[in-house]
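Once you've had a glance at the structure underneath, I'll fire off some questions.
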Amino acid sequence: MNDNNTRTLLTIITEASLEGRLLPELEKLGAQGYTITDARGKGSRGARDADWDADSNIRIEVICSRAIAEAITARLQEKYYDNFAMIIFSHDVSVLRPEKF
Amino acid sequence: MNDNNTRTLLTIITEASLEGRLLPELEKLGAQGYTITDARGKGSRGARDADWDADSNIRIEVICSRAIAEAITARLQEKYYDNFAMIIFSHDVSVLRPEKF
Amino acid sequence: MNDNNTRTLLTIITEASLEGRLLPELEKLGAQGYTITDARGKGSRGARDADWDADSNIRIEVICSRAIAEAITARLQEKYYDNFAMIIFSHDVSVLRPEKF
Amino acid sequence: MIDPIILFFILGIVAGLARSELRLPAQIYDFVSILLLLSIGLKGGVELAKQPFGALAPQVLAVLLMGLSLPLVAFPVLRYLGRFKRADAASIAAHYGSVSVGTYAVAAAYMASNGVSFEEHMPLLLVILEIPAIVVGILLARGLRRDMQWGLVTHEIFAGKGIMLLLGGLVIGWVAGPEGLVPLEPLFIDLFKGILALFLLEMGLIAASRISALRYHGPFLVVFGIGMSLFSAVVGAGLGVALGLSPGGTAMLATLAASASYIAVPAAMRISVPEANPTLSLTASLGVTFPFNVLIGIPLYYEMSLRIHSAFGA
Amino acid sequence: MIDPIILFFILGIVAGLARSELRLPAQIYDFVSILLLLSIGLKGGVELAKQPFGALAPQVLAVLLMGLSLPLVAFPVLRYLGRFKRADAASIAAHYGSVSVGTYAVAAAYMASNGVSFEEHMPLLLVILEIPAIVVGILLARGLRRDMQWGLVTHEIFAGKGIMLLLGGLVIGWVAGPEGLVPLEPLFIDLFKGILALFLLEMGLIAASRISALRYHGPFLVVFGIGMSLFSAVVGAGLGVALGLSPGGTAMLATLAASASYIAVPAAMRISVPEANPTLSLTASLGVTFPFNVLIGIPLYYEMSLRIHSAFGA
Amino acid sequence: MIDPIILFFILGIVAGLARSELRLPAQIYDFVSILLLLSIGLKGGVELAKQPFGALAPQVLAVLLMGLSLPLVAFPVLRYLGRFKRADAASIAAHYGSVSVGTYAVAAAYMASNGVSFEEHMPLLLVILEIPAIVVGILLARGLRRDMQWGLVTHEIFAGKGIMLLLGGLVIGWVAGPEGLVPLEPLFIDLFKGILALFLLEMGLIAASRISALRYHGPFLVVFGIGMSLFSAVVGAGLGVALGLSPGGTAMLATLAASASYIAVPAAMRISVPEANPTLSLTASLGVTFPFNVLIGIPLYYEMSLRIHSAFGA
């Protein structure tokens, strides 16, 4: 698994109600795909227990090049970080068929 | 994304019924937040299929400093590892606004 | 957390309907355990919205040695990559009780 | 005799405050909400079929006006007495100008178990009242700015689950008519009160978690949440009498006015006034006003309607 | 008068095309499907108890034959007119040779609300029709190869949720008999139509997302999806008359023939012909044939059955 | 004639052993459990309203004593005959001293379909029997240690979903009374047996997965699981006659005694005796005792109660 197989895995944890707006943005910024799981949690904006829609989180994973990861991060930070429960983190992963991502 | 942006992502996979007891402990040990997803799985304590409550897992993610990650790991290992289905693993991630974690 | 504690975390995202066939294969190839979460997403094979069974993804995590991770990757790539929605990626993690995995 | 559905709500509050593990799975809460919204829509639609649309126009208009006015009353109170930030004051005002379907359902059940009838097109007024306060709230927060994405907001409102199901139910009931709906009644009518009981159980749990948040947000929200409800109820009841509604219908309109949204408005505000803190408005709406209306308000508003009617009514 | 369950389907399509957030949680869709499958099975089982099995043998055999033949008609059309790859043509053919339980349920509701009776062992024919087309589809894709894992395929078919619940319901209904089932009726019989309405709401949403996929897969699938349904309906109606079924039963058999699978067959094809693209077959089956049958086909097939009956029937 | 709900249980077992994909989503299983617990509680509460509390005191006390004693009988058998570790023996003993709400529901349905009446305050005894065995189990595992976190255990028991809903239902039923509950009956009473059928379908699937675990845990658990049930049933039936219960009530108490917990006790043991292996107790309780009671035990215990009654009864 050499360096050519390395891509960035970007993980976004945020309010479920943003899903419909975030996904088109990710694609516009170059993401070739994404994976979503339902989540709950707690952070600086308090507990989000997923008891009902308004209180639910989603966990979005995007595998992409470092450049795209940085573009997505910058965009989301600028547009959503101030007003929405959201954290973003990333690390490198080895992938199969890196040309896909 | 330089080193100052690096934090530890600690992942705990364990029995869902522990949720209510673990979360306060994480906070007491210094975690500023956490994210939970529902999971199922198999390990040394057999299959946990999530067919019903007693058989369900949760997957808890905590982003924190390495020191806090080690404190949490040590505490959970001492208190739960012998008697509960539980695994813990960790790795470094780049985060935005590292002062949050 | 020294090198002896390092294992590979292999993540497989694929069609939920494969679950029953993949799990025995993972075990045959040496995985001592796995964790599954329900997911949805989008990739080269289109959107998979989890609206109903045929459209759902699962996210399988396996912690194992690098050798086993490579064996699993090779096997799944050969057997499923052409015909099924599937991505695989991996990275190193620090684990407790590495002899477990 | 206390209605058992109220007891389910109290059970939820008690379980929540006792930190019980009791919880309706989110998907079941969704299911139960869907059934309630469709039930209310269908029932209203059937009745709409029976009357000429034209006759309803004055009521629709009057109620629209009320939905536009209530947030204009709430906003200055919140901004200057409550010292909330502009966005927060606007958002809370919008919640109180709009309505809560759950409260409506409890009121309808209250009327049924007390044998009180009301104008059956009330669900139409419910739908109509959901919307104007949202527009006012956005304008209060933003002013008349050019860059407001009204298309997005309109989509968010009409494509939201609540309005879609209420309106869809109304139209289906209207097209299908009373006999057409008969085979659907076992699910949508007969189970209504049982489903409402489950809904209130979960609402109690949610309210309990909001009640504990009240500690942080001070007593102003409690006073506002109750005071604004009472004020709006008087406005609603007055309007009901003025429109010539029956005592039951007057009480229903008072309840609608007194109730505060916790579904449609929060979703729309998140999109259009994201800097407003949703915790504030939901704590007021779910932690104060919903329990107040369910436990105390509804019988009070009915009593009030009776009195206003005997004083001013036809 | 239009049946309200059809309006639920249309509501789903409209909400889907409007990109509404309305959605039945996947677990509720599962629940609703389980209830429908069990209802249909139980009803059929009770009726089976009333008649000698021997008498049904000819019908079972004839219907098996139909299930084997229909994909053989569809395959060359898809392969040579549609220019699909062999695997895709075989897979789509299998979908159309098999049946859709949802369509069956709508047809049964249609008959009920028009007061038309039909042979009540129809669910048995439904189960039987699910399977042969799968086998034919696999053979069309693979030929008679040695390495075909038939064990796996058989397991996939019989262990799948659909057949398990239909067959399970049939057996339970058969063993328990009419009186035994009485206490289960409030859930499985009385709620049937309401549950079907919810199911159709979600099917509308799913169909809407498939309809937008049609843009990419060209008009051939539309033509095929409607044409094949009409052709199969004629075959089914003809067979119904030949077997001496009542007009209602004939229309039901025509509907079964005209319907295309979207549960059992996709699952089985995924395992045994994985190189077939499931988007193609599901787009045809869910985006074209299901809506066509629900909105237009069923009344048409009933009309057709009446005419064939008055022309050829006993 | 075999009750169809038993057939649903068998369908679940068959599907489970055949490794079918059939599965009730976990959230639906939760929903179904919630409905059953509330139904049982509500029914019992309505009846409690009809009788003076004082009259029940002796029964409550006697049943408490039984709940304390049964684990004391089970423990030495498990520890010395079964050679289980102390914690495991204590935990299994606690499961068998407590009760299973699912088994109770099946027994209640059995009585109903055989037209046998029983003391309707039985749900109160059900709630009471849940708890003492947990305390005994903890003491057996731990002895009288100072550092036992009894507060946590108490919270775990009373805040658990099971007791909360049963007790909540009892209180609501008691306060609302028979007429108050009428509008809730379509959901909580009429659907009861259908919902129980779905519950048993999933219980069959769960039991099947436990049955396959039996291979590893040896035949002792099978023998114990059946033997202990029979012994407890005799104790329960004896107590029933001594307390002057009707034959139906005697059979219900025998069933309660014979049943083994799989919700409240496992949860409490996990917290307070975590070193006990939950696989052992759940395999016995779900893989042996639940199926035994549902398929064979309940009719047996009824028969037994009839005989004891005609021998010793008033």
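First chain written, first letter: the chains are A, B, C, D, E and F, and each begins at residue 1.
The rule we apply is simple: a contact is a pair of C-beta atoms (placed from the backbone, for glycine too) under 8 Å apart; a residue touches a chain by one contact, two chains touch by 3 or more.
As the structure is a prediction and not an experimental result, all values here were calculated from the model.
The chains in contact with subunit B as well as with subunit C are A. Look at the contact of subunit D with subunit F and you find different residues on each copy: under half of the numbers used there are shared. In this assembly, the chain whose C-alpha centre lies farthest from subunit F is A. Averaging Cα atoms per chain gives one point for each, and the point farthest from that of subunit B is the centre of E.
Centre-to-centre, using mean CA coordinates, subunit A is 46 Å away from subunit F.
Subunit A and subunit E, compared by their mean Cα positions, are separated by 40 Å. Averaged C-alpha coordinates put the centre of subunit A at 20 Å from the centre of subunit C. Centre-to-centre spacing of subunit A and subunit D amounts to 35 Å, using the average Cα coordinate of each chain. Residues of subunit E found to touch two or more other chains are 19, 21, 23, 25-28, 30-31, 186, 191. The set of subunit A residues that touch two or more partner chains comprises 37-38, 91. Under the contact rule stated at the top, the pairs of chains that touch are A-B, A-C, A-D, B-C, B-F, C-E, D-E, D-F, E-F.
Subunit A contributes residues 15, 17, 21, 45-46, 49-54, 56, 80, 82-84 to its touches with subunit D in the complex. Per the touch definition, subunit F reaches subunit E in the complex via residues 1-5, 7-8, 11, 14-15, 18-28, 31, 109, 112-113, 186, 190-191, 193-195, 197-198.
Subunit B contributes residues 1, 7, 9, 23, 32-38, 63, 91-97, 100 to its touches with subunit A in the complex.
Put simply, subunit E touches subunit F in their complex at residues 25-28, 30-31, 34, 155, 158-161, 164-165, 168, 171-173, 175-177, 179-181, 183-188, 191.
Subunit E meets subunit C in the complex at residues 23, 26, 29-30, 202, 205-206, 209, 262-263, 266-267, 270-271, 274-275, 278-279, 282.
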